[in-house]
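In what follows, chain A forms one complex with chain B and a second complex with chain C.
This part shows the complex of A and B:
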């Protein structure tokens, strides 16, 4: 009973981690930049969603696609205007640049909106569904459903469409892709836009559960653990890792002593990286010299 | 352009080879020695903080700037040093012993983290250190019997041979002396065998192996050295703040250290000091600026972090060599005055360099 309830809660939180980790994986595969600003993009999206729904009284179903589009376009512009300038520099430059951008987004949001938390209503808020013996909040079901749908859509997009295959080709070998007539730069921007939209979706789904708050960016750190557990650079791994981290957290909250729940993801991250850096579904670990 | 004409081996081994350099550093030393007697107490405290921050930046510079190992969690070592110092002084240890023990303990923690962490590199190491810092902050907060938990613990006054160093002036000279000693040691270390091994590991691990450098050993040495220096800075920071809480050693402090190192210019000790000065002064500069800004922006606490981010982005995009690179360019400009060529410092065209295994 309780186990089942915990599992459902864990999966729904894990689905968010998976969504964030998926966005990180996409940009990492395309541009070899681990985007430390991803969590802040998510946070920005939550605030934009709040502004549209509460500030301008838009219905949720209009505000959701609008937020996704806005943030996606902003992320596209970010790659095109800023990230592209450091292509070819060591990975560290990408880490520093995205950390700087993350600080700027965080600062701008807190200057624009102020430090207090907010919340907005979704069509799912406050309803529950009985699934056999367990009671599940509709919001959690919506999250799991949305993540499943997005993952399936992404899978079809990346494997069955010309554009998706081109993105895969460019991620594997930029030069070869370029020589085959693929417009690699534009695709990289597109991937960043796509990842931005994914982050926006995660933000719009997560913030009704937590609150619309500056600290939403912390999801990024949990997703890094998911990314590592699933195997760095593997999209299926990101999904599996995200769900597992969600489950581990959910069970640690009940069965582990004290405040372990808050940090269990980081313990997993360290242990996996040190003992088993390849992760569950990762590619062979190594560096080209 | 100045050229050094050496007439003996001794001369070519000197740290400061030109009379003008020696004069400049002597002037700096005199100014720093006179500062606490001339400046108001507030500025003496600020300077002391800058010294401590510069010491911690030097620690991170050894690891990130010289050895190429990114740590996003160096505040953890500051915390270990600070708490060790407070606990040992409470246990009745004399100041020199407690400072040394704080550095040694932090170095030992660096060994414990470094041994497994060097198995991973690049982004993975960044993530491990980040996670370690979060875990440590959490552990310090929850281990109340030892650290006082989130309510914090007071730090005893530093005393040396019966004389109190708790006065602003006394503590100023303690920090200045330690900073100068560490800086001198590092300058010499970095031009010796070990320092060159660090740089070799940073620039190409394969080439370093080929030259007979034991890469894992060198990485662990860099990790321990870096953690020990940062721990020493932490011990001094404990006396500067006088009261320790886990929030004081959060992720923002780690990030400030990384910022100082990157903005100063990776791979130079001067850069670590310049970066620490800039990052250490930025918050008070911003608060001085606030009266001139529109109320709406000035009242929000996000301004500071925004400026930090903007400075970092600016440097990564426009001056990847940091303040030290800018300094060298300025210097070259004046030394070669009418003949300065901008292309001297132009980087070659960079292509996408994959760090993935194929």
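This part shows the complex of A and C:
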């Protein structure tokens, strides 16, 4: 019984990690930049959602799409205005730039909203559902459902639509995509916008569990562990890795001593990097040139 | 060579890779409806020339005019959408997309309006026509392009470019890494495409014999310069071309020794 309970909690937290890892994978594949500001975009989205719901008294169902749209547009603009300028530079340029952006977002939020944590209510908060013998918080069910739906929609978009296949094409061979007349620069901005919206969704789903707080960006580190475990650069790997990290944390919280729960994701990260750096679903072939 | 209406005209183009000057003031003209071949050895600047025309590299100097309007320093995707499509060196198909998806990607360069609405039939018809030229692509339509053989990938790269319905097709070494048999097949299809659709083709080749036999006009490049320009028939009659590029040694001289142009003549 307890096992089932822990599994469901683990899956719902893991679904958030998966969503964040998926956003990281999308931008990495499209622009070859590992976006270290992704966690802070998520945190910013949680504060914007709080501002709309608590500050302006918007209903949750209006604030959620508004936050997604706002953050998505901001991320689109970030690629167009900033990230595009370092295209073609060595990878560490992207790392340094996004770390810088992360600190700027963090600073702006703590100046604009103040350092204290806060919370907002969702339609699911405080309700529970009995699934057979297990009692599950509705919030957890909503998280799992939302992540499932978004992942499925993303999969259909990337494999079945002309635009989605073009995004894949541009990530496989950017030059050939340019020569085929695909507007690669615009697509890259679009992918960043999409990833920003995914981060915003993760923020709106995660902050009711935790709190709306600056430290929400830490979820990025857990998601990096998920990425490495699942296989860097693989979208299915991001999802599997995220779910596994969530499960491992959930079980470690009960069966492992002390505060192992808080560091177990990083232990997994190190072990995977040492023992099996390709990860579970990582690409077998080397990187394309 | 009489040029009536030049579709593409390149004038005094100079391109640098950092401190290295890869092409040094090249001028050439491509008339509508012709197959034009640029020949030259490794490092002559042929690929650089095509990449400069297609917008992959920006020229340092010079003018590239397409339909009378300058196109240099524009993004390669914008140039592709003008109807000028490059099949790059080494084919560069999308390895993890299927053959059919690769072909579909070519349609992004179709001229405005055509791809947007009501062109479904046109796209389907073009795809069938390409499958007609390259029946092997049809057999493998659902396979990942990365699993095709080199020749099939070349066919796919040409097919993908044709899906754009270009007015000017640029081919960078279509025979690269292919057997003589496949090279002949690719060239005969290139000739057929030109005859059936009237499409203008500018191709760059090391395989001089195949290129001279199939093209109408030829340019010869050496060390970043154009050193000869004529119709292919005329080029093939030149002794130096015959010796350097076709491997047909000149006949023995009066003193019984083999006369070799190479010793006495350079292009510079």
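We take it that the second predicted complex is superposed on the first by the 284 of 289 C-alpha atoms of A that agree within 3 Å, B and C clash if a C-alpha of one lies under 4 Å from a C-alpha of the other, contacts with A are read in each partner's own complex, and residues count from 1 in each chain.
Convention: contacts are C-beta pairs under 8 Å (C-beta built on N, C-alpha and C of every residue); 3 or more make two chains touch, one makes a residue touch a chain.
Being a predicted model, the structure only gives us computed values, none of them experimental.
Trainee: Judging by the criteria at the top, classify the pair chain B and chain C on chain A as clash or fit.
Mentor: On the shared chain A, the partners fit.
Trainee: State whether chain B or chain C is in contact with more residues of chain A in the superposed arrangement.
Mentor: The partner making contact with more of chain A's residues is B.
Trainee: Can A:13 be said to touch chain B (first), chain C (second), both, or neither?
Mentor: neither
Trainee: After the superposition on A, what does A:182 contact: first (chain B), second (chain C), both or neither?
Mentor: Second partner only.
Trainee: Check the residue A:90 against both partner chains and state whether it touches chain B (first), chain C (second), both, or neither.
Mentor: first
Trainee: Just checking: does A:248 make contact with chain B only, chain C only, both, or neither of them? Give me first, second, both or neither.
Mentor: After superposing on A, A:248 lies clear of both chain B and chain C.
Trainee: Looking at the overlay, does A:169 come into contact with chain B only (first), chain C only (second), both, or neither?
Mentor: A:169 sits against chain C, while chain B stays out of touch.
Trainee: With both complexes superposed on chain A, which partner does A:143 reach: first (chain B), second (chain C), both or neither?
Mentor: Touch partners of A:143: none, neither chain B nor chain C.
Trainee: So after superposition, what is the minimum Cα distance from chain B to chain C, given in Å?
Mentor: Value for chain B versus chain C, nearest C-alpha atoms: 6 Å.
Trainee: Do any residues of chain A touch both chain B and chain C, and if so, which are they?
Mentor: Correct list for chain A: 173, 175, 288.
Trainee: Residue numbers of chain B touching chain A in their complex, please.
Mentor: 68, 70, 116-117, 119-124, 126-128, 130-132, 134-135, 138, 142, 204-206, 255, 258, 262, 296-297, 300-313, 316-317, 320, 350-358
Trainee: Within the complex, which stretch of chain A touches chain C?
Mentor: Touch list, chain A to chain C: 162, 165-166, 168-169, 172-173, 175-185, 288.
Trainee: In the complex, go through chain C and note every residue touching chain A.
Mentor: Residue list for chain C touching chain A: 54, 56, 75-77, 80-81, 85-86, 88, 92-97, 101-102, 104-106, 108-110, 160-161, 164.
Trainee: Write out the stretch or stretches of chain A touching chain B in their complex.
Mentor: Touching chain B from chain A are residues 32, 34, 82, 85-93, 95-97, 99-111, 114-115, 173-175, 221, 224-225, 228, 232-233, 258-259, 262-263, 266-267, 269-270, 273-274, 277, 283-289.
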